[in-house]
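As written, the chain order gives the labels A, B, C and D, with residue 1 at the start of each chain.
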Amino acid sequence: MSIQTSATPLGRNDLAALVARDIAPGSFVNLGIGQPTLVSNYLTEEQNITLHTENGMLGMGPEAKDGEIDGDLINAGKIPVTELPGASYFHHADSFAIMRGGHLDICVLGAFQVSATGDLANWHTGAPDAIPAVGGAMDLATGAKDVFVMMTLLTRDGASKLVEQCSYPLTGVGCVTRVYTDKAVFLTGPDGVTVRETFGCTFEELQALVPVLKWKRELAAGAL
Amino acid sequence: MLEFIDTVGEAVAAVKDGSTVMIGGFGNAGQPFELIDALLDSGATDLTVVNNNAGQGDQGLALLIKEGRVRKMICSFPRQSDSWHFDAKFKAGEIELELVPQGNLAERIRAAGAGIGGFFTPTGYGTMLAEGKETRIIDGRGQVFETPIHADVALIKALKADGKGNLVYRKTARNFGPIMAAAAKHTIVQVSEIVPTGALDPENVVTPGIYVNSIVKVA
Amino acid sequence: MSIQTSATPLGRNDLAALVARDIAPGSFVNLGIGQPTLVSNYLTEEQNITLHTENGMLGMGPEAKDGEIDGDLINAGKIPVTELPGASYFHHADSFAIMRGGHLDICVLGAFQVSATGDLANWHTGAPDAIPAVGGAMDLATGAKDVFVMMTLLTRDGASKLVEQCSYPLTGVGCVTRVYTDKAVFLTGPDGVTVRETFGCTFEELQALVPVLKWKRELAAGAL
Amino acid sequence: MLEFIDTVGEAVAAVKDGSTVMIGGFGNAGQPFELIDALLDSGATDLTVVNNNAGQGDQGLALLIKEGRVRKMICSFPRQSDSWHFDAKFKAGEIELELVPQGNLAERIRAAGAGIGGFFTPTGYGTMLAEGKETRIIDGRGQVFETPIHADVALIKALKADGKGNLVYRKTARNFGPIMAAAAKHTIVQVSEIVPTGALDPENVVTPGIYVNSIVKVA
């Protein structure tokens, strides 16, 4: 029984659609800046998802269009957004209390690297001349019940971003629960990494790309 | 998931034997009397109850204590002119008391909701309520280490809820409601009115729906 | 020059009026339960004092009369009160943050005992069978910029409540700045106690009543 | 004492050389641009500035940094596409940076206003931002000790103030305003509108006037 669920690698939008489908109805979700933002395009009304933005709002709607732009209503990426019925505003400490107190069901973040046990590196390249900037990444990584990462599996140089140990500075320790990439979905946790499904490659082909999978078996189909 | 529930009886089924239950209210203001009565009827026992007081007269929390259903009270002010049921149980050694300065009570509840592992506060330093606790001098002031108070269930009262579970309160009946809603795994709210989603101004929501699990309207 | 400012001891109401006069215009004040509540009767409109009640309100008005009683609007003593224009409501953690964060200018509290260095005992007799109850006393004592105590100077047995060291369990250490009694006003602090004025007794007569004053000199008149 | 002040210039006179200044805003939302411009004109220097970012483009905080008036930035996100003035100063070693995760920044500011001497949080545990900090394991989770951030002055923006200094904000422009107002010894607020006392519903006041010292209306 194969866990390959797509004949080709997934594009960014297909991956966003997959993440969106995996979010349980009624969830409270924070979508990180960049690729994770695409997920909002695929959430359905029936799912009844409430989006949180760390700069002080629950019930965030889609990006504002021309006539809707309001400088006082932006998301964490400083993009003008809209307000849905049932929204609420609160100050920064209350907003981060939502994140840090474990009240968000899921946050979706980009990453430089994720370790097999769910360590996350997504804020700093570690380059000596880089100006560090962390924003809310550590709070989201540490606070959300589930942390989903979206990233390409390989760097431009072909190295796996899913690693045994992160070489980049960490954002959080053991916090990532799932990693969505163009070539596979991984489940990560204290017991290490498992492959949920692959896209455009077999499990064995994936193993060749991802050294940390060397000794791993695939997850029995249907397990999640 | 947010649920709108028809009866207070169904709502409090979430309270199990041995649960830690936060109950909102300061005096009668903000007390969820109907939910407390339902908890009384439910039979749940061996409870740890977090409330500012320890029951008054022959109603609500006082009856829960009288019936021996409360193993432990965490509160700031158990002694009142009409707290006879608590007094009797306490003097008989049949109820445990954790006495907490009211501000520490509020801040410890807030800490639980906000994911804080513990904090230092000057309140209580040098008093018998700091005995046995970790202390340190910070910026020249003696401070006491206090830990968050988490709960399994919160029973609170609000004025209105909308379809997303957003809440507004009324005057000083707000008191412990917002922080208890955030500190409990499961928050049950009795409201006077349920309004359509969109009817509450997003600027004026006090408790966002993310903190609310069950809503029941009481007459 | 005498510091005796009244020929007779002050009654409760005269003492409340004196405390009220000593509150600087524009102050934010919390009046404790019991005798301190009387102070509100003597605050003038010109003083523009804002009263705080720890159960979640600034801008508290007088006690509610018959038609005004609203069960959702009570003070810390659980007495129905009223709301003044410019009032605000907040939850308990925000309310105690006002107290604990040092934002109240003055709180006025009753006391069993006050020490010469401003230790306060006002919550517990220490009797072995007493049920302890502290409420917000420790937060007020520790948090307000100035803590004024109002009490009779002597117990029923004639012992001074202003003492070298409190024998009752403490509410706060070194927190009281002034003690208003029927026989005198005292200033307390790290350097010990000073007598600001006496009522119906001379400084020497006061010294005979208050052992901790034994070696003390009176405060030069006009020093405060 | 609360004062209503005619010009932003008079309002920011409270900022002295060497002051720690909190500046509200997240992106442009809630940024008190007029107060920052007045601070630029005031000449106050050797400042420690607390803001989520470290200035953008050629305006406001970025110019304050460019002119060498900021000794130290405490912020969560100094690196942006247009933060060239901070970048240049930082690379030249001419500005100090205390980088703080945004939630720790908010909670530390809140702690200052609430009289908390310090707190433990899981955020940052095991990362380079916890290096040199006290840590402990609480309930099985690694946590880092964080201290309050106090300020001499806060510059914030609100929508409306009433005669008592009570404030309401607008949408996500609320952000750091309420917690900075509470954390600073002296809080200066620029508002779009001053309304009569009694015109704000006491249920909807976000920052009570007790936290406000100076109010100036900007066009």
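Keep this in mind: a residue touches a chain if its C-beta (ideal position, glycine included) is under 8 Å from a C-beta of that chain, and two chains touch if they have at least 3 such contacts.
Quick caveat, the model's predicted, so the values are computed rather than measured.
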Chain labels contacting chain A and also chain B: D
CA centroid of chain B to CA centroid of chain C, Å: 30
Intercentroid distance (Cα basis), chain D paired with chain B, Å: 33
Distance between the centres, which are taken as Cα means, of chain C and chain A, whole angstrom: 55
Approximate Å spacing (C-alpha centroids) for the pair chain C, chain D: 35
Contacts with two or more other chains, residues of chain A listed in rising order: 57, 83, 89-90, 93, 96-97, 99-100, 143
Interface hub residues of chain D, defined as touching at least two other chains: 107, 114-116, 121-122, 169-171, 202-203
Contact pairs between chains, per stated definition: A-B, A-D, B-C, B-D, C-D
Of chain A, residues touching chain B in the complex: 25-26, 28, 50, 52, 57-59, 83, 85-90, 93, 96-104, 143
Chain D-facing residues of chain B, complex: 107, 111, 114-122, 136, 138-139, 141, 143, 147, 168-171, 201-204
Complex contact set, residues of chain D against chain C: 1-2, 112-116, 162-164, 166, 182, 197-198, 200, 202-203, 205, 208-211
Chain C residues within the chain B interface of the complex: 53-57, 70-75, 78, 83, 89-93, 95-97, 99-100, 119, 124, 129-139, 142-143, 169-173
Residues of chain D touching chain A in the complex: 26-30, 76-80, 83, 86-87, 90-91, 97, 99-107, 109-110, 121-129, 142, 169-179, 206
